[in-house]
Amino acid sequence: MKKLAQIEDVVKLIKDGDQLLVGGFGLSGSPLSLIDEIAASGKKDLTVVSNNLGEKGKGLGKLLVAGNLKKAIGSYFTTNADAVNAWSKGELEIELVPQGTLAEAVRCGGAGIAGFYTKTALGTKLAEGKHHMTFDDGEYILEKAIKGDVALVKALKADTLGNLVYDQSGRNFNPAMATAANLVIAEVDEIVEAGEIKPEEIVTPHMFVDYVVITKYVKQGGKYVEPAEAN
Amino acid sequence: MLSQQKRIDIAKRIAAEFEDGQIINLGVGIPTLIPDYIEGKDVYLHSENGLLGMGPTPEEEFINMDLISASKKPVTLNTGASIFDSSDSFLMIRGGHVDVAVLGALQVDETGEVANWAVPGQNILGVGGAMDLVSGAKKIIIATLHTSKDDTPKLLEELTYPSSGARKVDMVVTEHAAFEFKEGKMFLREILSDISMEALKDITPANYEVAIEKLINT
Amino acid sequence: MKKLAQIEDVVKLIKDGDQLLVGGFGLSGSPLSLIDEIAASGKKDLTVVSNNLGEKGKGLGKLLVAGNLKKAIGSYFTTNADAVNAWSKGELEIELVPQGTLAEAVRCGGAGIAGFYTKTALGTKLAEGKHHMTFDDGEYILEKAIKGDVALVKALKADTLGNLVYDQSGRNFNPAMATAANLVIAEVDEIVEAGEIKPEEIVTPHMFVDYVVITKYVKQGGKYVEPAEAN
Amino acid sequence: MLSQQKRIDIAKRIAAEFEDGQIINLGVGIPTLIPDYIEGKDVYLHSENGLLGMGPTPEEEFINMDLISASKKPVTLNTGASIFDSSDSFLMIRGGHVDVAVLGALQVDETGEVANWAVPGQNILGVGGAMDLVSGAKKIIIATLHTSKDDTPKLLEELTYPSSGARKVDMVVTEHAAFEFKEGKMFLREILSDISMEALKDITPANYEVAIEKLINT
C-alpha cells in the first residue's frame, strides 16, 4: 500500500513551529500513537488546533507535559488541569473558540473559504475585535478559516487507497481536520482492501489522505490502551 | 429539600415541556438528568459530538468510548439514530434545526440574556458548544437552581458575568418557579415549590411580571 | 409512518411566490413527481433554486412550460432551450451562480451562516457589485447564504423516521437543499423500517425532513419513467 | 488533419502530463476524450456532481442515470471510488484538493487568464463549475484548438470575452503547441505539429517567449 508509513517516519515530517490540526473529542477519535511519538520527539513551539487538549497526561495532554506546545486553539481546556496551569504561568497561549465555530472554521480552511459570518458569540467577549456585518436578519460576526501545516486524524479503517471510515462518534472533528492541512496523516486500527468500503460509506475520500499509519493501541473494554497495558 | 431532589424536580418539569417529534440537545449539569424523565415521549436527543438519537447508558460490557455523549459519557444509539461529523452537527445547532436546547446557567438577566461559560476573575478556558446553542437552538430552556451554593441570586436585573450571546432564552426553570421571556420581558408563569410570592421576590432581583398560567399540562 | 404524505396534499403547502430549493443535477436526483404536481397546480411566481431547470419539457423544465416560474437561480440553464427563450422574452428572471458557490450558499443557508468569502468568480462579471475583502492570501468576494420556503429533494430510500439515503450521484445537491428550507419534502422510491439504514450510512438525518412522499415514477433501463410509459 | 484527430492529439498530450496518484477533473469538450489515453496511469477522476474514481462508460444494461458524470453521461465507479454531495465536491475543488483540472477555453490571454463561459452579445446563462475550477484546482491545463472554427485566434494579448476568474492557468495545449505560464508570462515549450515557428506566431497574437523544453517525457 503506497500511503502506508511508519509512525516514526511521518512524525519526522512535522517541523518545529508547525500548526497541527488534531481530530478527536477528548480522547475519543484521537490519534494516540502519533501524539505519543510527537511527545517523544522533542519538537518545539507547536500550535495545536483541537477541541480539547486531551486529559491531564493523556492524549494531547502528553504534548503539554513534554513541552512541545506554544499554543492551543480549541473550545474547552478546563478539563485538563495541566492546560489551565500552563496558561496561568504564561507557558501556554490559549485561543478559545466556540465549538461550532471551530468545526466550521476548519471546514472552511479545507474548502477555500477565507471566512464566514455567524451569530455565535455575538455580543460576547469572544466577538471583541472581530468584524461585524449586518445582514437581512441582523448582525453577524466574521470568523476566519483555520488551516494547518499537518493534520493528524484517527479513523477506524483505511482501505489500501487511503479512504477512511470512523468508529461511531469517534468521527467528530476528524473529517473536517483531514481537509484542512498540507499534510494529512491518518492513524487507523486496520487496513482493508480497496473496494471493501462501499463508495457511499466512505467518509473521508483518499484524496485528502497523504499517509496512513497503524495505531499501536489496542481497544479493550471499549477503550484504547497501550499494548503493554493490555491483558 | 436536598439539592439533588431539587435538581430532579427541575429536570422533570422541563421534560414535561417536550413535545413528540422534537429534537432536543441537553447541556451539562441538571440537563443530563432529563433523559430519565422523557420515557414515552417521542423525542430525539442530539449530541454536539455528532449523534442524533442518543439512547441510555450501556451495560458495562457494551461500553465503547468512541460512542459517547458531549459530556464524554458512554451512550447507546436508539433505533433510527444517525452519526455525523462535528461540522454537520453544528450546522444542525447553528442552523436552527434543534428544537429545544436545555442549558445550565450561572446567571440570567431579566431580558433573558444568559451567562453560562465564564466567571470574572477566574480562568476563562472553556466555552464548548454553549455559545453555538445559545445562538442557534429554536427554543432555549435554562435549567438552574434558583440561587448559587452561597445563596447568591442567579436571576438578576443585569448580568455581572460574561454573556453567552445576544440571543435571549425562552424559559428558565428553577426548583421554585418557571419563568418565560417574551420580547425582552420576564414573566413568572408557575410556582413549583411551596415558596411564597414574597420569598420568591426576595431571592429574585430580576424584575418580572406575575402572570401565573400553567404553560403546559404537566 | 408519521411523516408519510400524499403528493397532492404536500404540494398544497407551497404558496404562490415561494422560493423552492430543488435537488438534482439535470434530471438525476430530481423529485419528478413533486414537480409534476406543481406544474399541474397552477402555482404562480415561484422562484426555483436548482443547478439547472431540468431539460426542455422534462423535470423542472415542466414548470417553465406550465408558467409557474418567476425566477430561476442556478449555475447552468443553457441546456434547456425553453429557459433561454423565456429569459430572452423577459418572461423569466435568471440569476447565475457558480456551481460551487450555489452548493456552499445553500449549505450556509442551512447552517446559520449569513455569508462566506470565496475566490470563485473573483475578477469576473459575476463578482460585480459584491463585497470584496482582502485576507492573508489575497482578495475574496462575499457570497450570501441561500434559503428556501420549501425544499424538494429526491432520495432513494427513507426509513419510517424520515432518515434518507440517495442513489449514487443522485445525491448531488439534495443533502444541502434538505437543510436550508422551512419545509422539507422528500420524494423517495421506497420506505424501510427505522433501523434498516445504519447510523453511519444515513446521509440526511430525519431532523431535516418534514414529509416523505412515494414517487410515482419507476426506474427502467436506469432511467425514471412515468408508470404509463413503463413496460 | 481532421478536427477530431487534432482533438485526440491534444487529449493524448495532456494525458501524458498526468502523474500517478493525481486527482484529475476533466471539463466538457476535448477533456472528455482524455480518459481513453490514461490507461496504466494511477489517476483518479473527480466529477463535480459528487464522484471520485469515475470509471468508463457502462454497457447499456448497466446504465443508471443516477450514476453520471458532470457532462450528464452514464459512468461507472472504479474500485475504491467514493460518492459525496455537491457541497463536499466543491470543497474539494475550491479547497485545492484537485491536482489538475483540464478545461476547454474560448480565449486565453498572454498572462494565462482564461475566458471559457460566455460570449459577448450572446445569452449568458451557463457557468456551471468553470469558475470554481479556475479558482480552486492546483494546476489548470487548457485544452483547446489553436483557433476557432472561422480561424479567429484564441490565444490573445488580451481577452475580449468575459473572464472566468483572476486566477491564471498553468498550461495551454493546442494541436500545434504547448505553452506554459509562469508569473504572468507565456512560454512556448513544445511544438506538437509540423507548423513552422513563423506560422505559429501568425496565428498566435499573444506574446510568448520561445523556450522550447520538453516538459515531460511523452
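When the chains are written out, they are named A, B, C and D in that same order, and each has its own residue count from 1.
Heads up, the rule we're going with is that a contact is a pair of C-beta atoms (placed from the backbone, for glycine too) under 8 Å apart; a residue touches a chain by one contact, two chains touch by 3 or more.
From a predicted model like this one, the values you see are computed outputs, not experimental measurements.
Engineer: For chain B and chain C, which third chains touch each of them?
Structural biologist: The shared contacts of chain B and chain C, listed by label, come to A.
Engineer: Which chain is most remote from chain D in terms of Cα centres?
Structural biologist: B
Engineer: Please state whether C-D or A-D has more C-beta contact pairs across its interface.
Structural biologist: C-D
Engineer: Taking the mean of the CA coordinates per chain, how far is chain A from chain C in Å?
Structural biologist: That pair's centroid distance is 34 Å.
Engineer: Chain C to chain D: how many Å between their CA centres?
Structural biologist: Result: the chain centres lie 29 Å from each other.
Engineer: Counting in whole Å, what is the centre-to-centre distance of chain A and chain D, each centre being its mean C-alpha position?
Structural biologist: Using C-alpha averages as centres, the distance is 35 Å.
Engineer: Taking each chain's centre as its mean C-alpha position, how far apart are chain B and chain D in Å?
Structural biologist: 54
Engineer: Listing for chain C: what residues touch at least two other chains?
Structural biologist: Answer for chain C, listing residues that touch two or more other chains: 104, 107, 111-113, 118-120, 168, 199-200, 203.
Engineer: Chain B: which residues touch two or more other chains?
Structural biologist: 77, 83-84, 90-91, 93-94, 135-136
Engineer: Where on chain A does chain B make contact in their complex?
Structural biologist: 25-29, 51, 75-79, 83-84, 87-88, 94, 96-104, 106-107, 118-126, 139, 167-176, 203, 221-224
Engineer: For chain D, which residues count as touching chain C in their complex?
Structural biologist: 47-51, 62-68, 72, 74, 77, 83-87, 89-91, 93-94, 113, 118, 123-132, 134-136, 162-167
Engineer: What does chain A use to touch chain D in their complex?
Structural biologist: Residues 2, 107, 109-113, 159-161, 163, 179-180, 194-195, 199-200, 202, 205-208 of chain A touch chain D in their complex.
Engineer: Which stretch or stretches of chain D touch chain A in the complex?
Structural biologist: 21, 23, 44, 46, 52-53, 77, 79-84, 90-98, 135-136
Engineer: In the complex, go through chain C and note every residue touching chain A.
Structural biologist: My answer: residues 104, 108, 111-120, 133, 135, 137, 140, 144, 165, 168, 199-201, 203.
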